[in-house]
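Next up: the structures, one after another.
The following pair of complexes shares a single chain, subunit A, combined with subunit B in the former and subunit C in the latter.
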Partner chain A sequence: MAGLPDEPMNWIGRNIPRLEDPALVRGEGRFVADIAVGSRAVVFVRSPVAAGVIRGIEKPDLPRGVLVITGGDVAALKPIVPRLGRFNYVAIEQPILPRDRVHYVGQPVVAVVAPTQREAEDIADAVFLDIEPEQAVVDLDSAAGPGAPVVHPMAPTNTIVEGRIRTPGLDAVLAESTIVEIDVRSRRQNASPMETRGGAASFDKASGRVSLHASVQMPHMLRTGIADCIGMPEADLRVVAPDVGGGFGQKMSLFPEYVLLVWLARKYRTEVAWIEDRRENLIASAHSRDQHHIVRGAFDGQGVMRGLDVEILANIGAFSCYPTTCGVEPLMALAEYAGPYKVAEYGTHARGITTNTAVMAPYRGVSRPVVSFALERLMEVAAKRLNIDPIEIRRRNLVTVFPHRTPTNMVLDEASYLETMEKAVEVADLPGFRARQQAAREQGRYLGIGFSVINERTGYGTPAFAARSMEITPGYERVEICMTPSGEVEARIGASPHGQGLRTTLAQIIAEEVGVDVQRIRIIHGDTDRTPYGWGTFASRSLVIAGGASKLAAGKLAQKLKRAAAVLLQGEESQVRLEAGMALIPGGASISLDTIARTVYHSAGPISEKIGYDLNEAATYDPEGTFSNACHVAVVEVDAETGNTRILRYIVVEDAGRLINPMIVDGQVQGGVAQGIGNALLEEIIYDADGNILTGSFADFIPPTMAEVPDIEVHHLATLTGATVLQAKGVGEGGSIAAPAAVINAICDALQPFGVQLFEMPATPQRVRAAIRAAQETSP
Partner chain B sequence: MSEPKVTVCCTVNGQKVEADVVPRMSLADMLREELHLTGTHLGCEHGVCGACTIIVNGAPVRSCLMFGIQAEGAEIRTVEGLADGDTLSPLQRAFWEKHGLQCGFCTPGFLMLATWMLEQPEPVTEERLRHVLSSNLCRCTGYTNIVRAVTAAAKEMGKWAESAAA
Partner chain C sequence: MKPAAFAYHRPETRAEALALLAEHGEEAKIIAGGQSLVPAMNFRLARPPILIDINAVPGLDGVREEAGQLVIGARTRHATFEKPVTAGPLGTLLARVAANIAHTPIRSRGSWGGSVSHADPASEWCCVTRGLEAELVAESATGRRSIPAADFFQTIFTTALRPDELLAEIRLPLFGPDWHCGFAEYARRAGDFALAMAVVACRVEGGVIREARVGLGGIASTPVTSPEAVAALLGQAPSPALFAAAGAAGAAATDPDGDIHASGEYRQDLVKAMIRRALVQAFA
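What follows is the complex of A and B.
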């Protein structure tokens, strides 16, 4: 489990303070709103009704310099239409601005451009949208049911995507086993990055090009998507993701607002900026995880789950997100439901249902927080039904032999599902906790402990996306690396970090290969003019894939430097070592890498025959993927009078293989857990029956604060597999995947005396109280 | 459309400044747009997230909830004033060393609120730290490393006290 022998471990595995931070702690970061200061402002007038026909748009008298743009003005812009090659996918078109109908509250209908934000807001206030409302369908189950209003005529049952899988032996297993059935509901989330969406587009008269600075996760993809919608040469658009204030998936997708900004800048040869406000973000950016699952586990008398049969409904909102498509939630659930458990026979029917609500898009973990919530609740309920200890039932079902092929043909590489759980039981001192729990109950206090065992599919390249039949298959990453004539290393990457510390971790990986200090390495990212085509940052991929490509490219650069050193030192290339900025050969001769670099570029003659005229290398990496894993433990106290839950302790035992910078890994885990706690207890986007959103502020949609999130302890195991070149596994999403199940299992454990079982998240105080009341009413 | 402007005179990070602002401009917008101090970030513009926290006349203030013209004569401190030239304040350094930030968007607000707390006469306990800083939102860190960073700075500054419960 330790590092490979003979490999110097100078940079990898060290808690290097992040290279990103000095500017950020001084307030010298450069976020899009900082770049936008002084630009003409764009404000969107958004639909106030969920479904309706646009009868007219009344504009006020417009002062000079003010524009009001409607759907009719941008009729030439192509709609956003992501595609999927199977699963009965119905392609629906999302207009940049609609001409005839609106489909959800918050849909942009009119764009107002004015010299300042204030003036644009004043004009926007005076624009009147004459919309004849129609019956909206908002609720997921209603929309999927018979006789529901139709959102898009091409999808008469509101089903946009539908996947089925059923192994041949499932029916027999269901017939002969004990069936444990649960009905699981996840309410709608909003990723809520602290920086909202925003973009600043500026036209360069000299070149005829537009630069769009935008708070996004996938700048290259955005550039292609915008150029397609506008019908402009992609080469005339530069997209830059500057400092990005969090994304969590919400900033992956192509939104109409960005297309319009580029169109405006180009048409009016000007500079325009749109900075979303928090209300817009909550009502009109991407939502996620409005899902309903019916889960049937088939258990034998020993508690072994022999089969799993699942019905999945996912509310995809009014349109399909680009580029992943709205298949992302239902189809991920379909493919990955079994999680870390052995499931021999498996069936799923997964549907994505369109409604008159905001568009769904990936959010940290996508469907897996719901899936692991369902599975871990299933394990608890089955354990109780079969009178088996809940840890023991997991022991009997976790995958322990690797590689393991799942019923959906994924291969689980070596991991430590059982070991992380056993370690978590030990760290949590389960017997000690049970004694404290008993003592507390005697005083009328309700303590509970909850476990959650998960795996997290990470670092997957194009094969995984191709398997979903997406028209666009993301996945590979390319890194172009160069040593400058002065000896610094520049690496240009297609990934696009927004808080993950990639500038630091990739520098550590490169430093390890090339033998230079991280301070002399520059990671260049997020700028389509300066970086190779790549897929940005999402799906716990960047460290694994961009990191893998960095290692490969840096390895090539190191080889080139060794070859040059061998020439200059008159030694053997195979005997050259690179260390601390020097190339050394046995016997003591050495030369600095700076000198080598200067020689290669400026005195090319003698060594150009051996190495050419530059120190540029590149590599592309496109792995199959790997699975990290974790066991989470939440210890809670529930106030039975108010239904409030307080988390007393939170433990994570995780396994991400080789850690490049453990401090950054812990930060990723802790941040994910906090979002999972929000998901479990607090956060819910609520619509009324007409499709009006009731949670349009941070006073209504409530992310957790330091008062709700306890200290999060992170413990590591390290299974090193050959699945990735770094032997590292991604960790970006695991925290938010595992936490909801751990917290809600803990609540149910605390409320065992009442016999309360919760299957809906968030488990708000109201829901917990309602469950206690219901339990008290039904018990004698 | 030209709205009448008012000249506001105040002190920002020790420097006398003047800004001509429309009366409805928030103090946050005045700092960012008129004084080009873009370190103060706007996360919600309705006073919940605390990203725009600054110190006005010795008190922590959400600059999105105050008008620029209300700052007439005020002493204002923003994140840009924390470091002494190249030297980071102990709190800034602790955020860096303890990995108390990820995307960095909420960081200026946390730094200003915690700076204020560390300047108060009462010692900082974990309870007080969590009580005060729970008024700001962070979406990346899960708060664990923010608590560790502020704790480390408080210890370095001789402001830390173990809480009675511990």
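What follows is the complex of A and C.
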């Protein structure tokens, strides 16, 4: 896709290999555990019970150089208390280490510091927590029901956040329509980044500053949060996110462990590190999507959904995650339920319920995988009930006129909801599939096809977060750009990529503006000492927002270079073109950008007044947001004897607007789908009734492997949105948002002969098998 | 994820290994492939004060045929069986089974003897050992004895081996060409421990099944046999209907344990399907 010969080289839209990959594939990346080598090891003793009163903590005899820190030792540290200004939010406090009670299995209670990991684990093993267990509440519905044990006294009904919406005409529509009601359950997930959490804090005796290297997505926010808890100046803390092996939202939150690491380094003027193991990650990091929805769609005789009424319960765990707050799941579901569909009348009651379980945090797609699962199941069930083809019923309900204002006042920018679906139907060869399905059924094999149409809210700035009344309102991004005297471009960004390939895509955006090769561009990120304050990378935002800011900043730099070139070439500024490292004017005169850079920085006298003293620029971007969209198709074979689902084919028709690097977009989609397949079929965090976690390893919490994930075909449509400066839309989450619905719709389609309808994710083989058995027992 | 402290011995002769076992017995654990023991130690679920590493002891590897039996050295790695180790139905069967055990790196270290000594009821080799009625040969400083599979597996993670004993070999019947063998299991992901499995071996004479063995794994505290499925097969001509009937008979007689991945009821469904599928494979 190289530029046409007589056109300047285009950087945008090219599949250039990721600039970050050579070091990673050579094993030369620098992750926290690499940086931690030589530090004293920190190991946390975690609560073995879900609820209880701490009676005492018995420490073994401590060898020299070993510390055992309890809640009493850190009483001066402020708890973590994120806040929301609305939605009946109850501000619960998460202690750094608890002094009186524990609230979930895995809560850190004691920190052990020892010269080596082995010694720290031996001491941790010998610490005895004397905790008197109390009755725990674990299950979402029980916690929300009457008479449940109370997790936090200030929230006597266990409701921490609660939102209601009801448009005036809803009741009338409900009264006069056919109501299709479904009861949808999403089981608990763990985002399972390949690299677990971890941090290495070191004290610099000369400056009195602490550096925390941590595997995180929001380094600036973490610095603010830690400094607030400790009561130290932010200037004395540097937070660095080095290479980070995935986050998926799990690494957004401020965790007590990080506060403690900084406190330890500062108090003991030393270097300490904690590297989480997989068991801790599964038990004690953050969980997601433990939700229950009751969905009522009001359809007219033509299958048009005139109203939607939903009851949403989200299990937020024992505390509220910082900075998003536990509103992140219920309030996102509340705001975005209608998805790509026209819904005139809408009602929701959404609640976040606290329980004695690990803390909920955002996970790729947050509530939307559950919402789209519910909506797409609703479409299927309604189609069946009203005897309309399931594709046709979607045609009648998808938004086709843009901009479209949703009942919750979001504006959907131009998109291709209908077009992606029609294209998917064509690529999947639906009639051909139906014939194969029929032939297979005659041999006792059950093939199925499932569709899922989604939109994905991406790249939203402060207005969207302000609508949730968050005390801390993330959203904007700033990029500071400069050309060095030798002509490279450095861009310092507040976003904090951890696998998304932003070093490549932002370099492409800047290269396009400034006319230099991507190899001469350095994207500097993830270091609070070296980058402007920003919000990090989450919510499918970085390409749109940091990319938009990069474009704006690079545009300003280009302008500066053109001004200097015009002076040096004695031409017109408006006629200067920047291309392939050169500034050119009509008539053939040219000068290299390197020469311009040298001249700007190093020459003196009158010329400096004309061309300036520096090549620094900056821009901040804070967009309203844009919706990308997709239609996913899963083709599966279900084994009716075992309940096993095998995915035979997976198709995505994606519309992410302008693609900066299509290969990276495809990678985002494919990775998201792989996680979505895990959500659809395999992954489930399970607690017993007392709050003990039964899925503490990858033998029991089972992410998909290469054997379970098929090749994922990605096709593109490109609606160039006017809502963002790049005409690009985010794509980080759509894969995982759409996949559970597509896969489970396909299972239900395969099992049509049994009349099986599934409303729970994951659709594990035992659930599928139980549904088949139940269907066989009820059918004559 | 670091084990508790332990002492480590690496004997270089069998006599030395047996002497160490005699001396340390209860306190010591043998380590072979380490693929079950090391994870348990890292989780500190196992805290053996002493490890006796048998990887340098000669003569514990490899397979040979002797008096109608396939004699498998206890330290023979799972991967050895990925290609048939013997001509005839047994070699083919073991290759099919081996493909279901864990993943390549684990198969290249984990050993048959380690699997049966560990006695995870969902282990493929345990199921085969029990289902095909193998004999297990144990050695100690005081002698050597042979233990029938029926007596070897006592309960979950518990065998008839004494603390001073080393499992030296496993002896399986070498089936002749009139035998038909098959194996089927269901695991949630490729390489996971199975939720249920079945191994079958049938001798056919004059078009009817004259002898049969059916073993089941993953459903109780030990691997088990299924006399009910065997009874359904004996004297019958192989057919899809017979295989289904044997599956139903075998499943009906089980009362499997439930866990988070599979309720007892679901496991029963799986047993039914796995017996049937193993038979289909055997006669394919």
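The criterion applied here is as follows: the second predicted complex is superposed on the first by the 767 of 780 C-alpha atoms of A that agree within 3 Å, B and C clash if a C-alpha of one lies under 4 Å from a C-alpha of the other, contacts with A are read in each partner's own complex, and residues count from 1 in each chain.
By definition in this document, a contact is a pair of C-beta atoms (placed from the backbone, for glycine too) under 8 Å apart; a residue touches a chain by one contact, two chains touch by 3 or more.
Keep in mind that what you see is a predicted model, and the values were worked out from it rather than measured.
When both complexes are superposed on subunit A, subunit B and subunit C fit side by side without a clash.
Taking the C-alpha centre of subunit A as the vertex, the lines to the centres of subunit B and subunit C open to an angle of 40 degrees, rounded to the nearest 10. Judged by the touch definition given at the top, the superposed model places A:A699 against both subunit B and subunit C. More residues of subunit A are touched by B (comparison of subunit B with subunit C). Of the two partner chains placed around the shared chain by superposition, subunit B and subunit C are both touched by A:A707.
When the shared chain is aligned, subunit B and subunit C each come close enough to touch A:D277.
When both complexes are overlaid on chain A, the residue A:P765 reaches subunit C alone and has no touch with subunit B. In the overlay built on the shared chain, the residue A:V110 is in contact with neither subunit B nor subunit C. Legend: residue contacts after superposition of the two complexes on their common chain; A:A507 is shown touching neither subunit B nor subunit C.
Of the two partner chains placed by the overlay, only subunit C lies in contact with A:L682; subunit B stays clear of it. Of the two partner chains placed by the overlay, only subunit C lies in contact with A:E641; subunit B stays clear of it. When the shared chain is aligned, subunit C comes close enough to touch A:R773, but subunit B does not. Figure legend note: subunit B and subunit C, brought together by superposition on chain A, show a least Cα distance of 5 Å.
On subunit A, the patch touched by subunit B and the patch touched by subunit C overlap at residues 118, 277-278, 697, 699, 705, 707.
Listed in rising order, the residues of subunit B touching subunit A in the complex are 1, 3, 22, 24-25, 32-33, 36-46, 48-49, 51, 78-80, 82-83, 88, 92, 95-97, 99, 101-108, 111, 130-131, 133-147. On the side of subunit A, the complex with subunit C involves touching residues 117-118, 121-122, 125, 277-279, 641-644, 682, 686, 694-695, 697, 699-700, 702, 704-705, 707-708, 764-766, 769-770, 773. Per the touch definition, subunit A reaches subunit B in the complex via residues 17-18, 20-22, 24-29, 31, 33-34, 37-38, 63, 115, 118-119, 192-196, 243-246, 248, 277-278, 498-501, 663-664, 666-667, 669-675, 697-699, 703, 705-707, 709, 711-712, 735.
In the complex of the two chains, the subunit C residues touching subunit A come out as 1-2, 4-5, 43-44, 186, 188-193, 260-263, 265-266, 269-270, 272-273.
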